[in-house]
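Below are two complexes that have chain A in common, paired first with chain B and then with chain C.
Moving on, here comes the complex of A and B:
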C-alpha cells in the first residue's frame, strides 16, 4: 500500500511540476499576476509530493518489503539499518528519485526564499526549474519506476553491492546531488534572464548565492567520494579520472568559473553574456554527467545499469535543455547591454583569466572523458584515457591558475598596476621560493613535482594572508574581526585550494608502496616504516564473514601501532571486499590491505602496503574550500532581502 | 588608461585563442602518447602491434592456464573464444582474479608474449568489463552472466590506473 502511495505521489508531483512549468511562464509573458503566482505553491507542492514518495520508498527499504522489486534486488533483511536507509539511493531508480527530490527542493527554496525577486523573473525561473523537474519525473515514472511490485516476492533480498555498504554511501551522493542539481538554479535564473532580456548587477547578486551553495556542496560531495574511493577500493588511489568522477568534476570547474565571473557582473556590470553562458554550461555538464552515469556508455565504477531506453531518454532531455538554452542564448544574448570598460591590468582581467583557465581545463577534461566514445564511433578503436593524459593536458592549466590567483585576488578593480600588487605579495613569493629550494635540496634526485606544488601552495596561502592583512591595514585585530564574511570566505577558499595542491603534490611525489606475497611472520620495509605481518584470523560480521590480518608497524625500533585489514566475503552477493586498515595522520597515512591467499604458496597472502605522506591534506583543503564558500554565503550582502535594496555601485568595491 | 572596447576585446580573444591553442597542443600530444588501446587476443594476432605501444588486452582467463613462473610472477592465457594470448605478469594478481573470469591486462607485446605491468580483474561476480564483453561478442562466445544479468553494480579497481 505504501509503495502505491509513493507511486501516486510521484505522479502528482509530475502534475505539479507541469503546472509550475507552464502557468508562471504564460503569466509572465501575458503579465497576468495571478498566473505568475501559481509557480510558488506549485513548486512547494512538487517538493512535498516528491518527499512523500521518497519517504514511501525509504519505508519499503527500512521494513524490508521484498514485494517491491527494487528492495528485493538491492536490500537484505540482515543488512545494518544505516545501509537499509542509504541503500535507498544505492541503485539507479532510488538515486534518480533523490536527484528529483533535490531538484524540487531547490525549486521550493527559490519559491520560499526569493521573496524580493521581481515577480516576472521569479515566475520564469520557477517555470524553468519546473520544466526540468517535469522532465526528470517523467523519466523516473516511464523508464525507472522505483515502486514496481513483484508478483512472487522472495523471502529475502539480493543485498546491496558490498562496496556500497559503507557510511560513504550515506553522505557522498546526497552532497554530490545537492551540488550537481543545485546548478539547475543558476541555469533557471540564466534562462529566465534570457527570456526577459535583462541581466544586471541585481540579477548577479540573486544568482550568486545559489551558484555558491551548489559549488560548496559539490566540493564536499567530490571530496567525500574521493576519500571513500581512497579507503574502500583498497589500493590507495584517491582520484582515478574515471568518467563519472570527471562528470562531477566538470560542473565543479564550471561552477568555480561561474562564481568568479558573477562577481564581475555584480561589481562592474560587465561580462554578462559570458556569465549566462557559464550558468547554462554548468548545468549542461551536470546533465551530461547524469547521462554518462545512467546510460552505462562509458565503463566506470559507478554505472548502475546499462539500459538503452534510459540512455536515450536522458539524451533527449540533454538535447532539449542544452540545445534549447544555447539557441535562446544565441538569439537573446546580443541584446544584453554591454558593460563598462576595464584596463588590462585589473581585477576584471584577472577574473577573465581565471575563467579562461577554468573553462579550458574543463574542456580538456570533457575531451578526455568523451574521447573513448568518439574514437569508437570514428573507427571502432577501443581506447582508454587515463591519468597520464590528464596529468599532461590538465595540470598545466591548474598550475597557471595557481600562479595568477594571488595577484588577481589583490589587484584593484577597473585599473590596477600589476607591479604594485606584486610588490605587496613579495613575502609570499620569497617564502615559496625558499621552501621550494629547501625541499628540492632535501629530496635530491626526485621529481620537481613536490617543490613546484609546495611553492604554489605557499604562494596561494601566503597571498591570501597578505591580502587579509592589507584589508585590515593598521586597524588591528578588531578590524580583522569586523571584515565582511565574504572577505573571510574568499581567503579561506583560496587557502583551501592551496592546501589541496600541497596534499596532491606531496602525496604524488613521496608515496611509497610494497606489494608482496607474505607469510605470517615476515616483515616488509617501505617509506621508512617496517610492517610485520603477524597473523590472520577468521571473523564473523552481521552479513559477511571475514579474515582479519594483524600487522605491527615499527619506525626504527619504536612500535607505532597495530593495523588490522580485513577481507570480507558477502555470501548473498558472493562478493569479496577488502577493508583497508589505515593509520591516518596529518603527516602520513599508513595503509595496509590484505589480499588473497596465494595459490602457489598457500601459507602466503598477497599484501599491499602504502605509505602516503600528507594524504589527508587533499580532503582537508577541499573542506576548507567548502567552508570558505559557506562563510561567503552567510555574508550580509547575500542574505535574503539584501539584494533588492542595494544599488550596484553601493557595494564595497574591493570586497567579494 | 582604459582601452577602447574593441582593442580590449581583441586582446581578450588573443589570450583565449592562446589558451585554446596550448590546450589543443597538450591534448594532441596526450592523445598520441598517453592513451591506451584495447585489443582482443584476435586483434593482437591480426595487427601484431610493436613493443613500443602500450596496450590493454582483455578476455576470459583460460581454464588451467595460470602457472607460476620461475623466479616469481605468473603466466596465464587470455582468450576471446577464438584466439589465446599468453600474458606474463611479475606482480601480485588482484583479488578476484580467477580462471574462467573476465580480465584486462595492461602492458606491451614482446616476442609474441604480452608482458603486463598491471592486471585488472572484475570486482564482483556479475561484472564483465565492457571491452571484454564486446570482444567476446565479436567472437560469438559471449554468455549473459548467470543470474539476473543486468550487469549492475559495476566496479573495477584501477580503471584509471
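Moving on, here comes the complex of A and C:
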C-alpha cells in the first residue's frame, strides 16, 4: 500500500511540475500576475509530493518489504539500519529519485526564499526549474519506476553491494547531488534572464548565492567520495580520473569559473554573456554526467545497448536542455549590452584569465572522458584514456592558475599595476622559493613534484594572508574582525586550494610502500616506521564474517599504536572486501591492508603497508574551500534578496 | 609447455570472458558516482622482483597499462586475475632484458592501443593531446581581443557617470565596509 502511495505521489509531483513549468511562463509573457503566482505553490507542492514518494521508498527499505522489486534486489533483512536507509540511493532508481527530490527542493527554495525577486524573473526561473523537474520525473516514472512490485516476493533480499555498505554511501551521494543538481538554479536563472533579455548587477547578485551553495556542496561531495575511495579501496588511491569521477569534476570546474565571473558582472557589469554561457554549461555538464553514469555509456558501450530506453531518454533531455538553452543564448546574447571598461592590468583581466584556465582545464577533462567514444565512432579505434593522460594534460593548467591566482586576487578593479601588486606579494614569493629550495635540497634526487607543489601552496596561502593584511591596513585586529565575510570567504577558499595542492604534491612525491608475505611475528620497516605483524583472528560481523589482523607500529623504540585491518566475507553476495586500518595524522597516515593467505606458505599472509605523508591535507584543503564558500554565503550582501531591496536604484541594463 | 606460453593461453581464455566481466562490472559498479571498483591487494608479494630497480620500472610501466577487463583501472591497481597475469608478463619481459618502451610495444602488439592508459602521440590522437593547448590559444586570443576592446579609451572615451550610476556607486561603496 505504501509503495503504491509513493508511486501515486510521484505521478502527482509530475503534474505539479508540469503546472509549474507552463503557467508562470505564460503568465510572465502575457503579464498576468495571477498566472505568474502559480509557480510558487506548484514548486512547493512538487517538492512535498516528491518528498512523500521518497519517504515511501525509504519505508519500504527500512521495513525490508521484499515485494517491492527494488528492495528485493538491493537490500537484505540482516543489513544494518544505516545501510538500509542509505541503500535507498545505492541503486539506479533510488538515486534518481534522490536527484529529483533535490531538484524540487531547490525549486521550492527559490519559491520560498526569492521573495524579493522581480515577479517576472521569478516566474520564469521557476518555470525552467519546473520543466527540468517534469522531464526527470517522467524519466523516473516511464523508465525507472522504483515502486514496481514482484508477483512472488522472495524470502530475503539480494543485499547491497558490500563495497557500498559504508558510511561513505550515506553522505557522499546526497552532497554530490546537492552540488550538481544545485547548478540547475544558476541554469534556470540564466535561461530566465535570456528570455527576459536582461542581465545586470542585480541578476548576478541573485544568482551568486545559488551558484556558491552548489559549488560548496559539490566540493564537499567530491572530497567525501575521494576520501571514501582512499580508505575503502585498500590501496589508498584517492582520485582515479574515472569517467564517473570526471562527471562530477567537470561541473565543479565550471561552477568555480561561474562563481568568479559572476563577481565581475556584479561589481563591474561586464562579462555578462560569458556568465550566462557558463551557467548553461555548468548544468549541461551535470546533465552530461548524469547521462554518463546512468546510461553506462562510457564504461561499456554494450551496457548502453542492453537497456537503450534509459540512455535515449536522458540523451533526449540532454539534447533539449542543452540545445535549447544554447540556441536561446545564440539568439539573445548578442542583444545584451556590453559592460564597463577596464584596463589590461586589472582584476577584471585576471578573472578573465581565471575563467580561461578553468574552462580549458574543464575542456581537457571532457575531451579525455569522451575521446574513447569519439575515436570509436570516428575510425573504430579503441583507446583508453586514464590517469597518466590526465596527470600530464590537466596539471599544467592548474599550475598556471595557481601562479596567477594571488596576483589576480589582489590587483585593483578597473585599472591596476601588476608590478605594484607583485611588490606587495614579494614576501610570499620569497618564502615559496626558499622553502622549495630547502625541500629540494633535503629530498635529494627525487622528483621536482614536491618542491613545485609546496612552492605553489605557500605562494597561494601567503598571498591570501598578505591580501587580508592589506585590507586591514593599520586598523589592527578590530578591523580584521569587521572585514566583510565575503573577504574572509575568499581568503579561506584560496587557502583551501593551497592546502589541497600541498597535500597532493607531498603525498604523490613522498609516499612509501611495502608489499610482503608475512608470518605472524615478523616485522617490516618502511618510511621510518616499523610494523610488527602480531596475529590474525576470526571475527563475526552483523552480515559478514571476517579475519582481523593485528599490527603494532613502532617509531624507533616508541610504540605508536595498534592497527587492525580486516578482510570481510559477505555470504549473500559472495564477495570479499578488505577494510584497511589507518592511523590518521596531520603529518602522515599509516595504512595497513591484510590480504590473502599465501598458497606457498599457509601460515603467511600477503600484507601491504603504506606510509602516506600529509595525505589528509588533500581533504582538509577541500573542506576549507567549502567553508570559505559558506563564509561568503553568510555575507549580508549575498543574503538572498538583499539586492532586490535596492533594485529600483540599480539601473537595469535593458537588452531591447 | 613453457611458462610464457601457458600464461598467454590463460590470457586468451580470460579475454574471452572479458565481455561478460564488463557487463558484470557495470551491473555492480554503476550505482554511484564513485562506486569503488573492488577490494584490492593488487600487487602480490610473490610477484615482486628481487631487484628493486627492476621492480620500480615494473611498477612504473604497470601504472600505465590498462587492466583489460576492468573499469578504467591500471593493472597496478587492479586485483583481477587478468591484471595479475599481465603484471607477471611485464616482469617477465623486464627480466628478459627489455627496455620500458620495448615492454610497452610488446603489450600494444598483443592487446592493441586499448591497453595503454596514456594514448600515443599519433595523428589520430592529435585532438586529444592538442585540444587543450589549442583551446587555450584560441581562448587566449579571444580574451585578449575582448580585454583590448574593454580598455578605457579603446572605443568612445568613457562617458562621465550619470547621476543614477553615481548613486549606485555610492550604494556599492557603502556595502564594501
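Side notes on the structure shown:
What we mean here is this: the second predicted complex is superposed on the first by the 633 of 656 C-alpha atoms of A that agree within 3 Å, B and C clash if a C-alpha of one lies under 4 Å from a C-alpha of the other, contacts with A are read in each partner's own complex, and residues count from 1 in each chain.
As a convention for this text, a residue touches a chain if its C-beta (ideal position, glycine included) is under 8 Å from a C-beta of that chain, and two chains touch if they have at least 3 such contacts.
Quantities reported herein were computed from a predicted structural model and do not represent experimental measurements.
Set against each other, chain B and chain C differ in how many residues of chain A they touch, and the higher count belongs to C. Residue contacts after overlaying the shared chain place A:352 against chain B and chain C alike. Of the two partner chains placed by the overlay, only chain B lies in contact with A:73; chain C stays clear of it. When the two structures are aligned on the shared chain, A:95 is found in touch with chain C, with no touch to chain B.
When the two structures are aligned on the shared chain, A:470 is found in touch with neither chain B nor chain C. In the superposition on chain A, A:225 contacts chain C only, with no contact to chain B. Of the two partner chains, neither chain B nor chain C is touched by A:442. Touch criterion not met for A:312: it reaches neither chain B nor chain C. In the superposition on chain A, A:173 contacts chain C only, with no contact to chain B.
Contact with both chain B and chain C is seen for A:242 once the two complexes are overlaid on the shared chain.
With the contact threshold set out at the top, residues 91-92, 161, 163-164, 233-235, 237, 240-242, 296, 299-300, 302-303, 306, 338, 341-344, 352-353, 356-357, 360, 363-364, 367-368, 371, 381-389, 392-393, 397, 415, 515-517, 576, 578, 595-596, 600, 606, 608 of chain A are in contact with chain B in one structure and with chain C in the other. Put simply, chain A touches chain C in their complex at residues 90-92, 95, 161, 163-164, 169, 172-173, 176, 221, 225-226, 228-229, 232-235, 237, 240-245, 247-248, 267, 270, 289, 293, 296, 299-300, 302-303, 306, 338-344, 348-349, 352-353, 356-357, 359-361, 363-364, 367-368, 371, 374-375, 379, 381-389, 392-394, 397, 415, 482, 484, 515-517, 576-578, 593, 595-596, 598, 600, 606-608, 637, 646, 649-651. Residues 19, 22-23, 25-26, 28-46, 48, 63-64, 66, 71-74, 77, 112-119, 124-125, 127-129, 131-132, 135-136, 139-140, 143, 146-148, 150-154, 158, 162, 164-165, 167-168, 171-172, 175-177 of chain C are the ones that touch chain A when the two sit in their complex.
In the complex of the two chains, the chain B residues touching chain A come out as 1-5, 8, 11-12, 15-16, 19-20, 22-23, 26-27, 29-31, 33-39, 56, 66, 68, 74, 91-97, 123-125, 129-131, 134, 148, 150-161.
By the touch rule above, chain A contacts chain B in their complex via residues 73, 91-92, 158, 161-164, 233-235, 237, 239-242, 296, 299-306, 338, 341-344, 352-353, 356-357, 360, 363-364, 367-368, 371, 381-393, 396-397, 414-415, 515-517, 567, 573-576, 578, 595-596, 599-600, 606, 608.
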